[in-house]
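One chain, chain A, links the two complexes that follow: it is found with chain B in the first and with chain C in the second.
Showing the complex of A and B:
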């Protein structure tokens, strides 16, 4: 009988020990990770220097209408009359008719500033993030049009579906306090 | 006419491009305006605040606390059931299955291995809090807080009992899944658990077709087999099982002393009720002793065999990493195996990185995979070996008990106990 009691108490002692060790382990492990992560949360962003405008941004986002949109850095723009981000490479005409425009949704608005300069402005709600204009602007223009994840839309998925599909590893996690990779700044 | 002049302009543009390549991207200097034109500035909305995530943490703690109250104080299956529904609605449909403790495994592992990655504090709490609760109260998280567990639990209408050996063997998949998920997260390849979450498509009311089908099938199976994902796949469940073995409190089927009436014997649809053991006959004892000896010897063999299997699979597994995939593709293109290109290979050639560098990086990743896969395989082997050893030990039990590791604290078995019914009657008489 005494033997049995001893056995039981030994087993209880073991159990207590394991329990304490596990609780300590969870606490210490969690603490270490917390300290390591104290530098703040991250969000997804596109590195415009790496992006090749493959078109995946428009289709792979978990949102029906992609969180990626085109942005325009006006300070880099040449205000060209013949904007290669705005017009088809060989347009039937040079006017602003839809058949001449590169953007499939007509999201780029053109406004005359002064001879011979035109301002190009993106109607963000219309943009689907297909990157066609970005490609045109990058190929023959200044590259002032480029794609960015818009953080008013992005859900910050744990694993961004576009990042998985991006062929050029342009998607990366950036600090939430500095959530854009703007051209001319980096 | 217009077209040809456009052609000329394009020739000029191409020439300018060449110049541009020398002077940087600015091919057309930004103009100086005479008309006092004001340049618009770019407006960039800031990242969303994650206040909502802290609300989630609060809800999680509330649900788990309430579960403990319902299981240990009220002993109310009905209460648990409603709580489950609440979790499905809140964590499932409203929060669309994201933030989730199971998926947080990936974030925690990545934050340990990747110095540039920081796990959001709420994510860390989602990972840690259920572990702490489990150490105190058993699997209170699985009972009602986990939307994946809950959705399987409420569709369980026609439970079929699985043979113990089959359930035990199938459970090894969960260990393998955990090992793979950790390997993939540690190498920065993928968040496997999130990508293959079977119910996410249901919670989001749409998504990847394959996952919709997988989710549907899983739910269909769950009608007959209790919580199949929980028991045979869930990697977080593997961790919770082990912690639950030493929990402070445990679920008891009866509110008082077990009278061994056998009424609860088949009550648990998850096979988590252990029967009292009879003394083994002398002959059985000897046979089992021998079996135990063999199984102990088998343990290192299993570890080595599974470790070796991991080694064999590491090559294929490493293709989950984007760098290895790209290197494979470039190699195929260079060696003339394929003669087209992909978006990825074109993009790579545009980066200016040399092929040797790429191969070097890929080799580094592959080395990590070899090491990681062997380790992962060995751990699965260890789990299998320990399972075998446990199966040949005679556990002394004098009562019907909920299995510490396997019980989800669902509360189904309570009402099978006649003593519980006496208690309930007393309660209602008092009222």
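Showing the complex of A and C:
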């Protein structure tokens, strides 16, 4: 009898052990999923009202090419011919010559609309997120150019290297369901 | 049992200690805080430092020590009456200060005031978003004129003996009213037959004034010039050009505001590179009232740092009968007063 109890006890122990391991695994798995889901609820973004275009976005991102890019709120743009986000402060001419362009990588393109209006757009693959154009636009114009984290590139690091290096606390977490802080919507 | 370490073990220890030291030193030297700067090349830096500096010989005015602290937020417009009283609009309010800077009256218009002008008998004309309101100094009379539509953004009012002119930046036109508030005409609409190219107004700055020669002066900011129109809307002439030189109008759209002195000279305000300058009645550059270093901050190469500063940097200006220049600093919400050096105008 004692031997039988001993055998049953061992079998029970193994069975319960397996069940325990399974439940523990499910619990740990659930916990991991929950943590990942919680992180996935928010993403990094730049508050344009706090951004001072310090240039750190271009160099502190862990990606070789920063996840931060310039974006353009067309509804705020003045469509100026003499656009201070597009042209050097003292340009030799008011045309698309490289010597006149403010952006060192030539990431801003302009298209004639009607005299004297031009439309501007950003070639994102060329933009490094330095914010030089944003500075020019904000200083003289309407501030329609601004920086945003592009979520097709951002790795959403727990501790964003740019956020740590941001001097104006413009980097913040926003809901993943509303991942951009768009100026035109303000 | 061996006692002590062998030479090989000692060497290994030294190498390990050195490696740890180098690792720690590297970590300590690694800038993750951003305080070391962005490490970008010079051509990635927006630099208008050269344009901020104004030749001291060109500065013809001194700023008085005392400014008028308006106590208002979001200041927008300034006017001065013949008695030297200063009217300042900020938010929904217009506050009146006497020559000593003491508040003597206050009006609440119930909506954001974009512009003000002073009429006969102390009447105050205010552009409240899309319409004009007229109030008497004792608030006994108050009249609202009709709306100019949903797109209307009123930015300036000029008053002649018989007419009131209202600059509507939203609709890019100057509206001419009679004294009863009836619209009697429009000025500046694009019309190739009349050689009028239309107003280019990228931002809500669009100023007007009636000059002693009987012509209406209108800033065409995107074209960087001041245009002169008859009251019937014929374009007579214009002056001003784009550029960062001191005699030009800088940036995308300047001047933002101006005033006409009793001698016919023009006092202009530019945003971005905040400059207040004087042009003679013959439209030739005369000198500077105050440059960016005085208005924004000495040694500050950047003209504005924060978006809020950049967007509120369109100062307004008024001039009194004695030639004293009143600059409404819309960043600090104070009125800064400038007098010609040596006391002359």
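The rule is short, and it goes like this: the second predicted complex is superposed on the first by the 144 of 186 C-alpha atoms of A that agree within 3 Å, B and C clash if a C-alpha of one lies under 4 Å from a C-alpha of the other, contacts with A are read in each partner's own complex, and residues count from 1 in each chain.
Throughout what follows, a contact is a pair of C-beta atoms (placed from the backbone, for glycine too) under 8 Å apart; a residue touches a chain by one contact, two chains touch by 3 or more.
Keep in mind that this is a model prediction, so the values were computed, not measured.
Chemist: Name the contact category of A:80: first (chain B only), second (chain C only), both, or neither.
Modeler: So A:80 meets both chain B and chain C here.
Chemist: Looking at the overlay, does A:104 come into contact with chain B only (first), chain C only (second), both, or neither?
Modeler: second
Chemist: Taking the superposition as given, does A:167 touch the first partner, chain B, the second, chain C, both, or neither?
Modeler: In the superposition, A:167 touches chain B and chain C alike.
Chemist: One more residue to check, A:135. First (chain B), second (chain C), both or neither?
Modeler: Only chain C; A:135 stays clear of chain B.
Chemist: In the overlaid three-chain picture, which partner chain does A:90 touch, first (chain B) or second (chain C), both, or neither?
Modeler: After superposition on chain A, A:90 lies in contact with both partners, chain B and chain C.
Chemist: Counting residues of chain A touched by each partner, does chain B or chain C come out ahead?
Modeler: The partner making contact with more of chain A's residues is B.
Chemist: Tell me the contact category for A:58 with respect to chain B and chain C: first, second, both or neither.
Modeler: second
Chemist: Let me test your reading of the model: by the given contact rule, A:48 touches which partner, first (chain B), second (chain C), both or neither?
Modeler: second
Chemist: Touch check for A:143: first (chain B), second (chain C), both, or neither?
Modeler: In the superposed model, A:143 contacts both chain B and chain C.
Chemist: Which chain A residues contact chain B in one complex and chain C in the other?
Modeler: Chain A residues touching both partners: 50, 52, 54, 56, 77-80, 82, 84, 89-90, 117, 138-143, 164, 167-168.
Chemist: Within the complex, which stretch of chain C touches chain A?
Modeler: Within the complex, chain C contacts chain A at residues 31-35, 37-41, 43-48, 51, 197, 200-203, 222-224, 242, 244, 250-254, 271-273, 302-308, 310-311.
Chemist: Hey, which residues of chain A end up touching chain B in the complex?
Modeler: 15, 18-19, 22-23, 26, 30, 33-34, 36-43, 50, 52, 54, 56, 62, 71-80, 82, 84, 89-91, 93-94, 113-114, 117, 119, 121, 138-143, 148, 150-152, 154-159, 164, 167-169, 173, 176-177, 179-180, 182
Chemist: So in the complex, the part of chain A that touches chain C is made up of which residues?
Modeler: By the definition above, chain A touches chain C via 48-56, 58-60, 77-84, 89-90, 102, 104, 115-117, 128, 130, 132, 135-136, 138-143, 161, 164-168.
Chemist: Provide the residue numbers of chain B that touch chain A in the complex, in ascending order.
Modeler: 2-3, 6, 9-10, 13-14, 16-17, 25-31, 33-35, 37, 39-42, 44-48, 50, 98, 103, 106-108, 111-112, 115-121, 124, 127-128, 131-132, 135, 190-191, 194-195, 204, 207, 243, 246-248, 322, 342-344, 346-348, 350-351
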